[in-house]
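Down below are the structures I want you to see.
Two complexes follow with chain A in common, the first pairing it with chain B and the second with chain C.
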Partner chain A sequence: MKAEELAVLGQHKMAKVFDVILLLALIGFFTVIPHVSRMLYMGDWDFWVDWKDKLWWPIAGPSSALLVTAVGHYLAWYYLRLPLGATFTAVFVLIGAWLSRIFSFYSMEYYPINFIWPATTIPMALALDLILFWSRSYLVTSLIGGFLWGFLFYPVNWLMLMPFLQPVTLFGKTFTIADLMGYYFIRPQTPEYLRRIDEGTLQAFLGQRIWISILMAGIACTFMYWIGIGLGKLLGILPMRKVLRQT
Partner chain B sequence: MAATSISASVERQAVQIEEVKHDKTAHGEMPFVRFLVIGGGLGLLSLLLIRLWQGEWWFPVGMDATTPEFATYWLGLLYVEWIVLIAAAIIGFTAYRKPCPTCAVQRKELGRIDPEHELNHIGKLWATVAVAAMFGFGVSYFAEQDAVWHQIVVRDTAFTPSHIPLFFYTFPMLIIMTGVSSWYAYNRLHHLYVGEGGKGIPICYLLFPAGGWFLFANVAFNELGHSSWITEELFVQPYHWPFAWATYFFFAGFALLFKTVPRIFENLGEIAQQASTEAKASS
Partner chain C sequence: MSPLGKACLAVSLTCLCVFGASFMQAPVVHAHGEHNLEPFIRMRGISFFNVEFSHERLAVNETMTVTGKFRAMNSWPRMLTTPELAWVGVLVPGPKLAVRERWVNGRFIQNAFNIELGEIYDFKMILQAREPGRYHVHPLINLSGTGGLVGPAKWITVVPGDAPPSYTVQIPATGETIDLEHYGFGRVVGWHIAFGILGLAWLVYWARRPMLVRYALLVNGVDEEQITPADRRTSLIFGVVLVVVVIGGLLVTNSGRPPIIPHQAARMWDLSGLPVPSAVQTEVKELRYNTTERSLSMQVEATNASDQAVVLRKFTTSYLSFINPATQDLYSDLQNEIPTMQVEPDGLFQPGETKMLTLTMQDAIWETDRFIEFDQPQITAAGVLVFTDAQPLAREDLQPMMMGNSREGLGVPWERISSLNEVYSNIQIDFGSMGSQASL
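Up next, the complex of A and B:
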């Protein structure tokens, strides 16, 4: 069927209803799948501002967020030729996370929003989709878009994190505002380890520490992009062709 | 006497077949939209009511599982959820148990299914997937809510106010709704997946409900883990990960959906052609 014919058929009332239903299904599944992955792989770092450190959060955060975003990016391109999948996933996972923070963390257990905001991935998702759109190549997208995904995660979110990294002195001790908030809101997830990672040889890298972490994140995300593509192919596309016990 | 009644019934049957062949009742209507609105609306309403119930009774009677109030308010909610689940399962699976009679008549009399009738079946399949997706949304909401519940209460039971909607309502509901999607595809649109007269089970029928099943299966593993080790310091601990892996099976739902896309355009094309020939004939 030619593209013009398809476009004409797409104007049919029924075709438009199909579009709406597909959109609802996409919204539902591309909220739950990335959101569950995100809460179970980077959960604690995403939940609490005092967990947003310089070692684990900039690496575990973007790589786990990319996994399912890359699937959305891939399926949208494969099935619909739309360079919108990553952005769509990033937007709806953030909506899901915000609904949870507002209606569970804040309005049921009264943690202040300042303490529990989720990290965003929308700017990198836009870059990922645009690079695929321009290059039409998964390899180029993984090398440039995947790298930027990891590399930009911390700088993009740093704008929101910055106010909570200001130092305060209380009872003769100096810590960040994020730490102070953590001491006031005692939880089982009060991080014990943050004080530990500020020791060790990583500290010897002085001001370069965050650069090392986000470089590593960029490389990790370059690989993670392919895991996402493989997952999308294995569970989103191959099942379409495979039939058991066909006669 | 007997002969007249037989001939009357034959006549009635002929009229019915004539009606069904041209499917006058369904022309221009989209019954699957009604299914989407009612199914999605009731589902969303149930999630909203649970959330309101939690807001009201989460702190007053939710903190201690050994009290009688807990049994009244929280186990009461659990039993109501189970009744809803059983009702949804019975309605969903019996409604589409038999192949569609209209399709059967059209196949026999016309040798094919009317394009608009088939489009309605495809639309309903898509609607079941969309309704399932909405319960998926409930899964992600109540799962993260569970993370924050464990920040304030020491674990004392598998039936906490956050687990009751998560593990015992949205997980089974996802098994049921994704199962209904596959069941509907099997009983109404099987020819799109295996070819006309073909046999076999496309694996997307199995993989789509497998997501809900693996979610529920990991409840067993998860509760066993929590009964053995204290892991409250870390929500991202390893025996939560299979919950994330389970959700990946829902991608198979898109294989289930997109398999029908070529037929949608074929059918729309035929409807457009029919309309243009009818317009020519009338002018």
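Up next, the complex of A and C:
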């Protein structure tokens, strides 16, 4: 079949129906799977505003979020030549995260909604898709897009986090607003000593640990991008090739 | 329908019925750690006593006080990490009760605090009702490396109040008074919507064209031809908008931003335990459990080494306390709530006197709450014997903290603890008859 005939075929009603079915399936998949992945690997850093620190969250957050996002990014480009996989995943995982926060954390557990907002990855995902689209190269995308994914995660989410870092006092003790929310709105099974925030050996460099964190995040995400690509190939391409060979 | 289909349908319907029936039969579960932790962790971990709740019923926005003491046991299981840090809280299903204040040994507790085995700690928490309902509330001590150990619970009923709960706080740097339940949410939603619109616009741009056929085109060698010059121009626009939004957002947010600090994780490493009163010296001779009577009996030799008469007040382990009935008249508020034990010989300990005491605590809770389990290679029990002065003291005579809890409004006397003696021993089992667990 020639390209022109295929292009005409794409306008057929049944082709559009199949497109919608594919889209719905992908929405379901990329809402749930990355959400589970984020809950497992990002966990409390994504759940609670008083966990969103500038040492661990900027590294753990983007690295874990990139894993499944890179799968969607890779498969959309590989199968459809569409530079939308990362953005698609980032948008729908965020919708899934908000649904979880509203219907579980807020409605059932009654945590204040401003205490449990999820991090966004949409700007970095868009950058990832754009760089792949412009470069047509996974290598370039991993070096620039992967790095930007990790490097920009904290600054982008800092736009929302900043007000929660203002100091307040209670009985003479200094808290951030987020700390005080964590103090009042108790998480019985997450005692405070489990909170991994701003602890570690990155406290040197004239107190500029955020720069070290986001640089490390960028480098980590450069590698994580390839793990995501490998996962996409393993789960989304090799089985399909096998099926096609057998049919 | 084929036989296989009918069989599948029958199996599915059966599973559905069993699943539904399991919900109808499900008992109320108090899954807060009363049962699930191994007995040796509960009995040799933390011993709670004098735990009191100021209210059983309160309206939304009202506050209540939970007070009590706990001892970090010297008989701590050696197979577990010795805890360094502890965190005090309440076990409730979500923050239906907000914790407004936490105090341990008279000091305000911000985060976690250090804990030493063998020490006694006095806690106080102020809780504020947020959501109407009926909640099973425990005080909870979380220990690093181990997890949460719960104290005695009480059902608390929260009814609707006249006003919603208020969590306002003033920001010193700006003077602004904010509501913690809503502050900053508008900004969060605003940025999520802004980035969401950008992302959705990019998706709509690409997803509105045929999709599946693109794969067929690719297979047929049509690759770069699927990208149009308009696509390239659009991508440039999106790139520019993205850069402008992110950099502009950072510039706007940074300009004139208030002072900010990192999250505060300051732990309290200098919290001393309360002095452990030791007027009485004790030595456990034998611990014996009778499966027929479900009673734990303890033989303990006790010597009053002080110059005042004392009385054995109670035996406490984990969240259980057994009261000496001879002392009930002194502390009448507790007599309907806490089980009693037999003490022989009973009565006052005069200074210098030595007695061989036999304590008998008969209660099914030993087995129902898995305090004594036969399926263990070593069956042990541990707890604290609490001796008090023979007479309760007036409040003005008390030194702070050690003497009792904040019992304002309860109209009951305070309790001066003369001696806290930890007891720990292996248990000998009398299998008078095969109990329910004995078959294990």
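Please note the rule applied: the second predicted complex is superposed on the first by the 220 of 247 C-alpha atoms of A that agree within 3 Å, B and C clash if a C-alpha of one lies under 4 Å from a C-alpha of the other, contacts with A are read in each partner's own complex, and residues count from 1 in each chain.
Here, a contact is a pair of C-beta atoms (placed from the backbone, for glycine too) under 8 Å apart; a residue touches a chain by one contact, two chains touch by 3 or more.
What you see is a predicted model, and the numbers here were worked out from it, not measured in a lab.
Enquirer: So, does A:Q208 touch the first partner chain B, the second partner chain C, both, or neither?
Expert: neither
Enquirer: For A:Q189 in the superposed arrangement: first (chain B), second (chain C), both or neither?
Expert: Both: A:Q189 reaches chain B and chain C.
Enquirer: Identify which of chain B and chain C touches the larger number of residues of chain A.
Expert: Larger number of chain A residues touched: C.
Enquirer: A:F18 contacts which: chain B (first), chain C (second), both, neither?
Expert: both
Enquirer: Tell me the contact category for A:Q166 with respect to chain B and chain C: first, second, both or neither.
Expert: A:Q166: touches chain C, not chain B.
Enquirer: Of the two partner chains, chain B (first) and chain C (second), which one does A:I177 touch, if any: first, second, both, or neither?
Expert: second
Enquirer: Please work out whether A:S137 is in contact with chain B alone, chain C alone, both, or neither, and reply first, second, both or neither.
Expert: Neither chain B nor chain C is touched by A:S137.
Enquirer: Identify the residues of chain A that lie in both the chain B contact region and the chain C contact region.
Expert: Correct list for chain A: 1, 6, 9, 15, 18, 22, 79, 108-109, 111, 187-189, 191-192.
Enquirer: Tell me, which parts of chain A touch chain B in their complex?
Expert: 1, 5-6, 8-9, 12, 14-15, 17-18, 21-22, 24-29, 31-33, 35-37, 39-44, 47, 60, 68, 71, 75, 79, 96-97, 99-100, 103-105, 107-109, 111, 187-192, 231-232, 235-240, 242-247
Enquirer: Which bits of chain B are touching chain A when the two form their complex?
Expert: Result: residues 30, 32-33, 36, 40, 51, 54-55, 58, 119, 122-123, 126-127, 129-130, 132-137, 139-141, 143-145, 147-152, 193-194, 198-204, 206-207, 232-236, 240-241, 243-244, 247-259, 261, 264-265, 268-269, 271-272 of chain B touch chain A.
Enquirer: So in the complex, the part of chain C that touches chain A is made up of which residues?
Expert: Checking each residue of chain C against chain A gives 85, 87, 89-101, 108, 110-112, 130-131, 140, 142, 144, 148, 167, 169-174, 178, 180-185, 187-188, 191-192, 195-196, 198-200, 202-203, 206-207, 209-218, 220, 222-223, 225-227, 231, 235, 238-239, 242, 245-246, 249-250, 253, 257-267.
Enquirer: For the complex, which residues does chain A have touching chain C?
Expert: Going by the criterion above, the answer is residues 1-3, 6-7, 9-11, 15-16, 18-19, 22-23, 50-51, 53-54, 79-84, 87-88, 90-91, 94, 98, 108-114, 117, 120, 122-123, 125-127, 129-130, 133-134, 152, 155-156, 158-160, 162-181, 183-189, 191-193, 195, 197-199.
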